[in-house]
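What follows are several structures.
Here subunit A shows up in two complexes: once beside subunit B, once beside subunit C.
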Partner chain A sequence: MILYILKRLGSIAVTFFVVSVAVFLMMHAIPGGPFDGNDMPLSEAVRAKLMARLGLDQPLYVQYLNYMWGVLQLDFGVPYQSPGETVLQLLANAWPPSLLLGGLGVLIGAPLGILLGMAAALRRNTWIDYIASGIATLGLTIPVFVISMLLILVFAVWLNWLPASGWGKPERWILPIIAYAAIPLATYARYTRSAMLDTLNRPFVTALRAKGLSERRIIFQHVLRNSAIPMVTVFLPMFIGTATGSIFVEAMFRVPGLGSFFVSSIENRDYPLEMALVLIVTLMFCIAYLLSDIAYALLNPRIRVEGRQ
Partner chain B sequence: MKLVDIVGLRVSFRQHAGVVDAVRGVSLHVEEGESVGIVGESGSGKSVTCMALMRLLGGAADVSADSMVLDGVNVLDANARTMSALRGKSAAMIFQDPMTAFDPVFTIGHQIVETIRTHRRISKAEAREETVRLLERVEIKNARDVLGYYPHQLSGGMLQRAMIAMALSCRPKVLIADEPTTALDVTIQAQILQLIKQLQKEFGMALIMITHDLGVIAETVDRVVVMYGGKVMEEGPVEQIFDNPRHSYTQTLLGSLKAAVVNSPAAEEPQSAAPALELRDLSKIFVLKRRGRIFHTLVDHQAVKGVNLVLPRNKIIGLVGESGSGKTTTGLMAMRLIEPTNGQVLVDDSDISTLDHTSLKGFRRRMQVVFQDSYSALDPMMTLAQIVAEPLNIHGVGTYRKQTEQALDWLERVGLDRNFGQRYPHELSGGQRQRVAIARALILEPTVLVADEPTSALDVTVKAQIIGLLKQLQQQLGLSMLFISHDLSVVRALTDEVVVMYRGRVVEQAPTAAIFARPQHPYTRSLIDAIPVSNPRDRRLRSFLSAADIANATPRLSRSALAADADAAELPQLVAFAPGHLVEAVVTQ
Partner chain C sequence: MNALLKFAGALVAMAGLSAPALAQGSIVSPGQSSTGTYMDYMKTVYARATGSESLQVPLTSFDKDFTLTGLAAESWTQSADGLTWTFKLRDGLVWSDGQPLTSTDYVFALQRAATSGYDFAWYWDFAGGIKNWKEVTEGKADVSTLGLKAVDDKTIEVTTNAPKPYLPSVVSLWYPVPKHQWDKYGDDWATNIDTVITSGPFILKSWVKTNNAVVLAKSPTYTGPWPAQLDELTIDPSFGDPAVGMTAYMAGDVDMTGLNAGQIPVAEQRFADQIRKNAVFAVSYISFDLNSPPFDNVDVRKAMYYAVDRNELTSTVLKNIAVPAGSILTPGYPGYNPEIAAQAVYDPAKAKEFMAKAGYPDGKGFPDVEIWYREEGGYNSAILPPMSQYLQAKFKEVLGINMSIKSMPTKDWMDGLLNKKNNLFIAPYEYDYLDPSNFFGIFYNGGRHDYHIDAYDKLVEQADSNPVWEERVKLYSQAEQVLIDNAAIVPLVHPITMMLFSDKLGGDAASPNKQGFTPQVGAYFNTHLTKQ
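So, the complex of A and B:
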């Protein structure tokens, strides 16, 4: 197991390197630079001086090595958009709202999705199943900005129950959390339904019934435990994906989160911020997948315990 | 009072193709302490009848009956709680494949304790003690360790024992055993059947034994119910069914059992030509990964250890042994479908063990193979004509039209209609698919055929037909066949010579008649002793040898007793006990 983890950490390092090179090259392949904006034209001399100060006049590989050397010392540079703070400071300010809303969205959406999926599996081909499957399909197919708009329209405009947008008071969080919860809920509902149906069709379930176990015990102890194994593995990656913010949800509800920076950093050729975002998210996904695989091995005795008499 | 009383049971399944009647008016009763066998082929409704009794059929089944009583409870309109209390306590079940009948994520101990505590109000610790006693009762030696084992850590035979222990845990009044030994080796089967019989007597339970194997019936039950097509064909005491079957279907079943005992030895002919296939000192080492605390270690597993074998022309050699004995590996190495680690494979006196892919292709025409599972051996996307013609296509024999024509001829030759050519494998029954696989193997008219357990997935009556077909084609084509099987009754009926493998080694080899009449090696004896009887009157108590017993009982022969000389040695070696009869023995001065 330790060797396995070491191997995986090695492959994460390789992934990290490949992604950093690829993103760095793609970033610089986009025409233009940080000071090409038309609204405030700079003179050629000023521009050259600025470029030199930021090291942008050096060959690409030197820029890359300089930046990565900084990254290894946890220095992600200074964002061009707001030179008053470091990239890390900017992230420390912008991430908490995304983490709070996205994280709560997953933590609420996933369990609800599991319940919905269980109901659908246990009442297969009844109206409960059709409604649950319908909700799941809608959750996955309707774009999140449409869901956001509908939420605002219904709860803020028509019913006037909740504020439409903003940040600060907890009642302003409710609608974005619901919007964030849609995809985890739908995904988990579908996963749970198919995993449970799969397990229910396995011969050991008949054997459990034949020994007189109550249906409730069969479902909650045996079927759920067997179905949980694949479900656990999708949780962390989904959490990372949602808790890093969505530009759509954050734009709709005017949340000062991380989401918008993914786009604005590219638009403004804000190289340090863009690299930092991609590298940090990559690393988090890699670790999330590693932890998921370890959890899978721990939950599954076939992998955890070896040997045969 | 009758423990089980089913009158006029009907079960039908709603499928998208329509309604399938699985059970059509079956009446069945079981008295307390009685043992009843239900015999029939797959699809006869024997399992469905018992599942209906336990009310374990899913929502797609329509069950109706005039009455269906289990232990005084009317099963037809009992509520779910009453049914749960009945299951496990009044009637317990054991299943065909213990690997899939246990929940893989809980330990054996957990699952048995859980069963006990469902029906009895006792503490966890008491239930654990009870579980240990039960596991010991089913002859599991390290019962306390087994408590903490997960199902995948036990062998099939051990798991079936644990399953039986779990079934017994609530002292059921009737034990329903649904093909409990079909997935097991013949020696393990004999042990499990004997165990079930002993426990039945000891616990005073009734037994319902569901099986397709008349040998199992002859070994275990007092009364037999013969089912076919969802109906009871015949019913009576086991002796009466075997001695004086009234219904023609029962007669066919018994016929297939008896036919298996008669063997007509092929006419002796001078063995001048080179053998069709020769294996010289063939070995296979599989490298296994074993996970340690920190590092993987690579462990050599020697699956086959120095096997020598000569397959003469126009003969059938049976290769027998339990699962894991290396017989299939040997067969596949002979085809070079697995690369040997060591040794040579000679086809018509030319060594093919080192040939590259292209030079091997010519030899492939002369050697073909038929596998156990005909379903996965046939491409589901191809029609039968395409499947059978494919070897001709690969070796570029004839035009497309001629290939198809020949394929259709072969379908006829293996007993299928020509118009089957346009059908797909899933439209066929298991026996029909195996016929297609045989046609595909023989269309190139090979000299060597390796048949790897070709009949073990088939019903008895179908099995007899396939064996008859193989024998007939072998004689017509002058084929040399290596027949791999763990079913000794089939081997006895079909082969000229038997090679017994045990733990990767050949431990005995002799003409078929000689090996059944005078088996020398203890393992061969235990194999032959384990064959189910073909008549209930021949039932007997068996004793079983452990691996250590077999090692200790290795025959010791003095040099003077040998037919061909060998050096005296402490290590067992394969020596000639009589002309043509080899046995692994310790040779003394």
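So, the complex of A and C:
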């Protein structure tokens, strides 16, 4: 197990390196730099001065090595969009709102989705199944900004129960959390339904029933556990994807979160921030998959992390 | 696990936060960009932080009728040869830390801009025409040779390369930089709320960098004209998108909001008395690469000039969020000549003739072309996509041209324009200062486009430096006639913005001007608003 984890950590390092080179090259291959795109073109002299100030006049490999040397010391540089603070300080300010709302969205949406999926599987082809599947399909197909807009219209404008948008007081969190919860809820409902139906049809369930186990024990102790693999697979990546903020949800609810920086760092050619975001998310996904693999082994003793059965 | 721990930490941290209660006379208004770097207009214009221009006092400014008014400058005079302007500062102006505001703070602002790289440097070169500006920015001359002098604490002298009769209008974008603060902190003085000091009607009360939102408060130390009438002004770019702003407006979270084309009919029905229109001094036009086929042929360009039905475009496709443009100048803008604008008529027969004369009868043999426009926020986002589709259909119908459309991010678009990666563009431009030279400058001698039309350049040069207004206007009209005769551009539309203003807003700035428009101009707007 330990050897396996070490091997996986090695491969994470390789992935990290490959991603860093690829992203660095792609980032600089996009036309225009941080100072282009204004209404009037910059004169060469002015442009040269601005580029030199950020060290962008140096050869690309020097820029890459300088940046990565910093990264190894946890120095991700200074964002061009926000001089006066480091990339890490910017993340420390922008991430908590996304983590809070997105994280709660997943933590609330996923269990509700599991319950919905279970209900659908156990009452297959009844009205419960149809409603649950309908909710799941709507949650996945209606774009999140439409859901957000509807939530604002209904709860803030028409009913006047909750604030339309903003950040600060906890009542402002409720609508964005519901918007964030939609996709995990829908995804989990569908996964759970199909995984449970699959398991319910397996012979061991019939055997358990024949042994006289109560239906509750069969469902919760055996069927659910055996259906958990796909749920574990999607959980962490979904958590990371949601808890790093959605540009749509954050724009609609005016959350000062991380979501918009994924786009603005590219639009503004904010190289240090763009690199930092990609590298951090890469690392998080690598670790998430490693943890998922370990969780498989814990859930199902027949799966061995080293590939032997 | 790591994420979970952070999450738990964030929960604890956030539970302690709450939004402050709004003070009396407090307005919440939408801002523009959700990212901002320095709270310093003289460090960067395009990446400045929200509110930069409300915190400092420019030498001059414009009111809602576009009358030039002295703010920090009490008076100004021009020398007999027209080359030197002397601005006198008002008595009693101070920084918010109590230090006196002096001419050195203004001169230093531009000296730093000329030497350290300023994204708005073209303005002081072309519009300002400040002596030796170009040489200093290129490092060929010392900063002391710049045509700027702090004669004494209250007197600024500006020397220009050629007479600049409109310089008092140009200096409406000349803000001071606190030299004493800069000496202590360098450029970083403007990145930290604790070190930002102000000379204008507002002070900076809070600044959320994550979304570039600010709360400004009435300055207790400002003694100049146009003091703030509000206790507090929140400017929050997260309200900037009309889709967000409109719902927030309906929920009472924001006091004004922009409208997109789809929202206008709803607003007209439900909030008719709260609508404020503004004719933006801006133009959208088609530009070409004049040296690359097929647009190196003047007849092709003329065919396009006559193939656009601007009235149909604005009244149908654009639902009156723009008016037809026949000139680069907007109706009501100084120097606007209706005779020039009247030439831009829709004449499909003439357009077809020009096409045939160019060797492409009914578009036969004409290569497929692509028009590039840039993705933008604000009023242009509602205009550019439908307008390009209209042009696509019209050029096909009238000229037989197959034109595809490409929408691209601003930086990519500008890169394409400057490096001639395409030969056909839709370009929007909004004024920077109130003088025709502003718009004529964008086609002058490779200004924004790689246009070098000798006759045009000479006329613009003469017009720029002519001290007699009537003669200037005549020369600019002649210059624009050269553009038209060359069909160097095809003017399309001037945008009209629509906003909703809460009926709780009052003050001069909330009511329309003589033309029936409510412009949100510079220093005037924020200082002339009140709230019941």
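Remarks
Following the convention adopted for this analysis, the second predicted complex is superposed on the first by the 295 of 309 C-alpha atoms of A that agree within 3 Å, B and C clash if a C-alpha of one lies under 4 Å from a C-alpha of the other, contacts with A are read in each partner's own complex, and residues count from 1 in each chain.
One rule holds in what follows: contacts are C-beta pairs under 8 Å (C-beta built on N, C-alpha and C of every residue); 3 or more make two chains touch, one makes a residue touch a chain.
Predicted, not measured: the structure shown is a model, and the values here were computed from it.
Upon superposition of the two complexes on subunit A, no clash is found between subunit B and subunit C, which fit side by side.
Looking at the superposed arrangement, the partner reaching more residues of subunit A, out of subunit B and subunit C, is C.
Residue contacts after overlaying the shared chain place A:L50 against subunit C, while subunit B stays out of touching range. Put simply, the three-chain overlay gives an angle of 150° at subunit A, taking C-alpha centres for subunit B and subunit C and rounding to the nearest 10. Shared-chain residue A:S292: touches no atom of subunit B or subunit C. In the superposition on chain A, A:N300 makes contact with subunit B only, while subunit C stays out of contact range.
In the superposition on chain A, A:H222 contacts subunit B only, with no contact to subunit C.
Of the two partner chains placed by superposition, only subunit B is touched by A:T206; subunit C is not.
Look at A:T86: by the touch rule set out above, it reaches neither subunit B nor subunit C.
Nearest C-alpha atoms belonging to subunit B and subunit C sit 24 Å apart in the superposition, given in whole angstrom.
When the two complexes are superposed on chain A, none of the residues of subunit A touches both subunit B and subunit C.
In the complex of the two chains, the subunit A residues touching subunit C come out as 30-33, 35-43, 45-47, 49-50, 53, 80-85, 90, 93-97, 99-100, 103, 149, 152-153, 156-157, 160, 163-170, 172, 239-240, 243, 251-252, 254, 256-257, 260, 264, 267-269, 284, 287, 291. Residues 1-3, 202-204, 206-215, 217, 222, 225-226, 229, 299-302, 305-309 of subunit A are the ones that touch subunit B when the two sit in their complex.
Subunit B contributes residues 51, 54, 56, 80-81, 84-89, 92-93, 95, 97, 100-106, 114-115, 118-119, 149-150, 152-155, 158, 166-167, 170, 290-291, 293-296 to its touches with subunit A in the complex.
Of all residues in subunit C, those touching subunit A in their complex are 1-3, 6-7, 9-11, 13-15, 17-19, 34-38, 45-47, 116-119, 121-123, 125, 134, 137-139, 187-188, 191-192, 208-211, 213, 236, 238-239, 241, 243-244, 247-248, 250-251, 253, 409-416, 418-419, 429-430, 442, 447-448.
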